[in-house]
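In the two complexes that follow, chain A is the common piece, with chain B as its partner first and chain C second.
Then we have the complex of A and B:
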């Protein structure tokens, strides 16, 4: 009887594979679209509520215009700054700093995290120091770093790198150390070399936590960028914020905030897409 | 299995009969202790067992009798023990492609398809890429998973995943296949079907198999010999020969009689240990 049940199940799946697969995936895609649309609708609720309040509030003068400018003014400033190329210049320099700092910090974080995750010895020796360094926020490193490095580009890259380094190293080491022992044993029975073990067992198994670390790292890199530009810069989005506040150009401040938010959101989505691509097995098929 | 697949497997090993002469395992005076809270606990005490080439041996016993521990030692996954384990004249000093293993959980890599999972077993096999591809395809067919080669583990039922694990354990054509309660987590129907399949595969491959189980019916149905282990410390309590001809039927009178006798031995062992209730079937 079990044979009959199994055979039926097998033939049903084969039939699916042969004929119905296209229709099936079509239906699934439609379902996915609906789910997507629902999620987007939820995302839009907050702006849909706050934007009218902002518009009405600024029209009626609930807050002074110097404190909360009208959305139209912000939009106008945005257009102006876009047209003059000023915004592009600030965005460009900030992006470059984040990319450089993130590349250095995440690279070092991956290397150290992997070493700590793979070797008990390295972990024992390095972790106490690492934890101590990690506990001091990137912002708190700025005064000392300023004295050592001046207020040039090196300072900014180092502070951003430090901010990205900590979460990447932490999640990478935890992810690698937590790859199930059961799967490592399977690799052992196949006589995998250390390199094969890394390539076929450890790294694929650690992809989710490593990417969690990278996404945190990128977010922290952005936060550090704004902080370090607030303190020591004459260009960039953080500088735009400080300068706008000092001049009481709140429309400029808001433009900078919006741009930072959009870029941060987009870069996080980009990393999420890369992760999804690396983990196709999770979503492939049913 | 299709005839083509059978041919492919045969073609791959022209000297199948010669290979059948190997797969001899000698376990001599093996003892193993674990340290729990600073105190040593004897898991195995002076276990000796000789397995003939091509033999099917079932290691049967209640939880905590050390049967899985013994299997891990034979596999070479644990080298911290006293005594000696020798396969075909060579001391076991670590894992080897000559010994395949199937665990209780399928332990498939979730990020790899069935085909990739099985192919990973051949990473270090000294054969050409074309031969590897052929071997993977042949073993997918051997366990009846044609059509599921590109499926990921999470798309498979428990029984199908365990079939894939068996194919992976066999793909290196080991002389010895170790099975650690491979059907323990499956439903009764699937388990019965896979037991029959395993018997067929064993007869076809002519390799030595050692099966760890706590299921008396399974042990008697599959084994040439049933080695009953007793707990605290783990030791061999009695060895039963199963003379029934193959292929076997579960309802065979001799098998049923033997099953009852084995059960009595287990109950007797259990009665000697007040902490262990007879017929206990809880998982180790």
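Then we have the complex of A and C:
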């Protein structure tokens, strides 16, 4: 008898609890939605104020078209360049250059950085010269590289590779050299072979900083691409900027800038996500 | 690997090792350019580079260009740093400004800096004003980011002190948030100096009116004077190095009071 009462009481409570939970989570979702909507509304204030001024200003000719084209013109140019495949062609060439240059520079940076991190002797020999080369930004090397290599594809690849090389080599050597001594000693106790040491001790500790180096390397490669295409190119996004500038086509300039920003943003976000994943893997694994 | 890392060789060993590669490189350079193995137009002998350097200093060309570049650099930096600190304070202190602008700022920041040059030169021309605007833009970005971070990281304890003393708005900013944010702001200014120097070279490449180190390098390339280009590159690297080191020294000095 008393058992039955207890049973009923318990089940009622469970039912209430479940409903309460559902209601609670529903409320939370609604709240999250509202927060999101609010954030978006705040975000829209800026364009909501500036766009009408831009539209009215350009319609009434407050500023010359070469100074500020109508937003509709920019959109029109964007659509036209998308439809004709012109934009895709420039973007494709720029991306190909970045990837090639990055692959060369990051590969060399990984190799040199690993050698510097693993051997004190190599580090001592290479470090001063490396620092001297790293000290001069890729931008300053471009005219010298233009004299040596001409203005062909080799120039672009070399300049982009140099830009990617420096941060990759720096972070790789630091990442490997900073693997905790205690871990290395554990490996020595187990009499690990050099290969085992590399695989089980050095790499797990050094992968996150190495990846940070790769991320910086790609960012620098992208910036170097824009610089080298601005200075010496007949295709690509940087060339589009120069060309638009020469023709006084501000809409083309703006389209190129927007595309450069979007690609920079997307690649940064992508690499940040991979990096966060790697960090998690590291804390899970160790 | 490990055993090598335990035995730390003395500083003299490191120095001796560090000199090997540069010396080899210089010797190869000399042999290459004198023996005619490498076209001396591509690789002028060292003494020729030194000669050009001496000549450029003696005729006043180099000091003139360097002074013009540094003036531009510092003017642009001062403008960018000032605006950057103000914008950083605004974004860091006002949640309304933060909600309206921060996302847009982060988006604009993704545009590679040099990509602004065509737009800026369309708006401001090719002369001094355009260059300084570009340098200021470059310097302001790290200053803004670090000021925001510094203001946001002001401890709640300090904020409470401000409340207890019933500080007014400007008092709060001046005697509470700014001092608390100082280390972070200094980091931003340091980065801003580095960015500004890079932007100075970029501005002089693309808006090649008036004297400057960047203009010197571009002129050297156009006249195919490798020695002049090399000289310019060395000067750019040296100035960058000196600016970076002095900024570090000033930063350490200014932040030292925090540890006392």
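By definition in this document, the second predicted complex is superposed on the first by the 207 of 286 C-alpha atoms of A that agree within 3 Å, B and C clash if a C-alpha of one lies under 4 Å from a C-alpha of the other, contacts with A are read in each partner's own complex, and residues count from 1 in each chain.
Methods note: contacts are C-beta pairs under 8 Å (C-beta built on N, C-alpha and C of every residue); 3 or more make two chains touch, one makes a residue touch a chain.
From a predicted model like this one, the values you see are computed outputs, not experimental measurements.
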Ask   = When the two structures are overlaid on chain A, which partner does A:200 contact: first (chain B), second (chain C), both, or neither?
value = first
Message = For A:121 in the superposed arrangement: first (chain B), second (chain C), both or neither?
response = second
Inquiry  = I want to verify the contact counts: of chain B and chain C, which reaches more residues of chain A?
reply    = C
Ask   = Once the shared chain is lined up, is A:75 touching chain B (first), chain C (second), both, or neither of them?
value = neither
Message = Once chain A of both complexes is superposed, is A:151 in touch with chain B (first), chain C (second), both, or neither?
response = neither
Message = Quick one: is A:100 in contact with chain B, with chain C, with both, or with neither? Answer first, second, both or neither.
response = neither
Ask   = Between chain B (first) and chain C (second), which, if any, makes contact with A:111: first, second, both or neither?
value = neither
Request  = State whether A:188 touches chain B only (first), chain C only (second), both chains, or neither.
outcome  = both
Remark   = Overlap of the chain B and chain C interfaces on chain A comprises residues 185, 188
Ask   = Can you list the chain A residues touching chain C in their complex?
value = 39, 42-43, 45-46, 66-67, 118-121, 124-129, 132, 135-137, 139-141, 143-144, 146-148, 177, 184-185, 187-188, 194, 197, 202, 222-223, 226-227, 230-231, 238, 241-242, 244-245, 248, 250, 253-254, 256-257, 260-262, 264-265, 268
Message = Give the list of chain B residues in touch with chain A in this complex.
response = 75, 77, 95-97, 99-101, 103, 105, 107, 109-113, 120-121, 123-124, 147-148, 151-152, 154-155, 157, 159, 172, 189-190, 192-193
Message = Give the list of chain C residues in touch with chain A in this complex.
response = 1-2, 4-5, 7-9, 13-14, 17-22, 25, 42, 96, 99-101, 103-104, 107-108, 110-119, 121-123, 198, 201-202, 205-206, 217-218, 220-221, 224, 226, 229-230, 232-233, 236-237, 240-241
Note = Residue set of chain A touching chain B in the complex reads 1-3, 5-6, 9-10, 13-14, 17, 182-183, 185-186, 188-193, 196, 200-201, 204-205, 207, 279, 281-282, 284-286
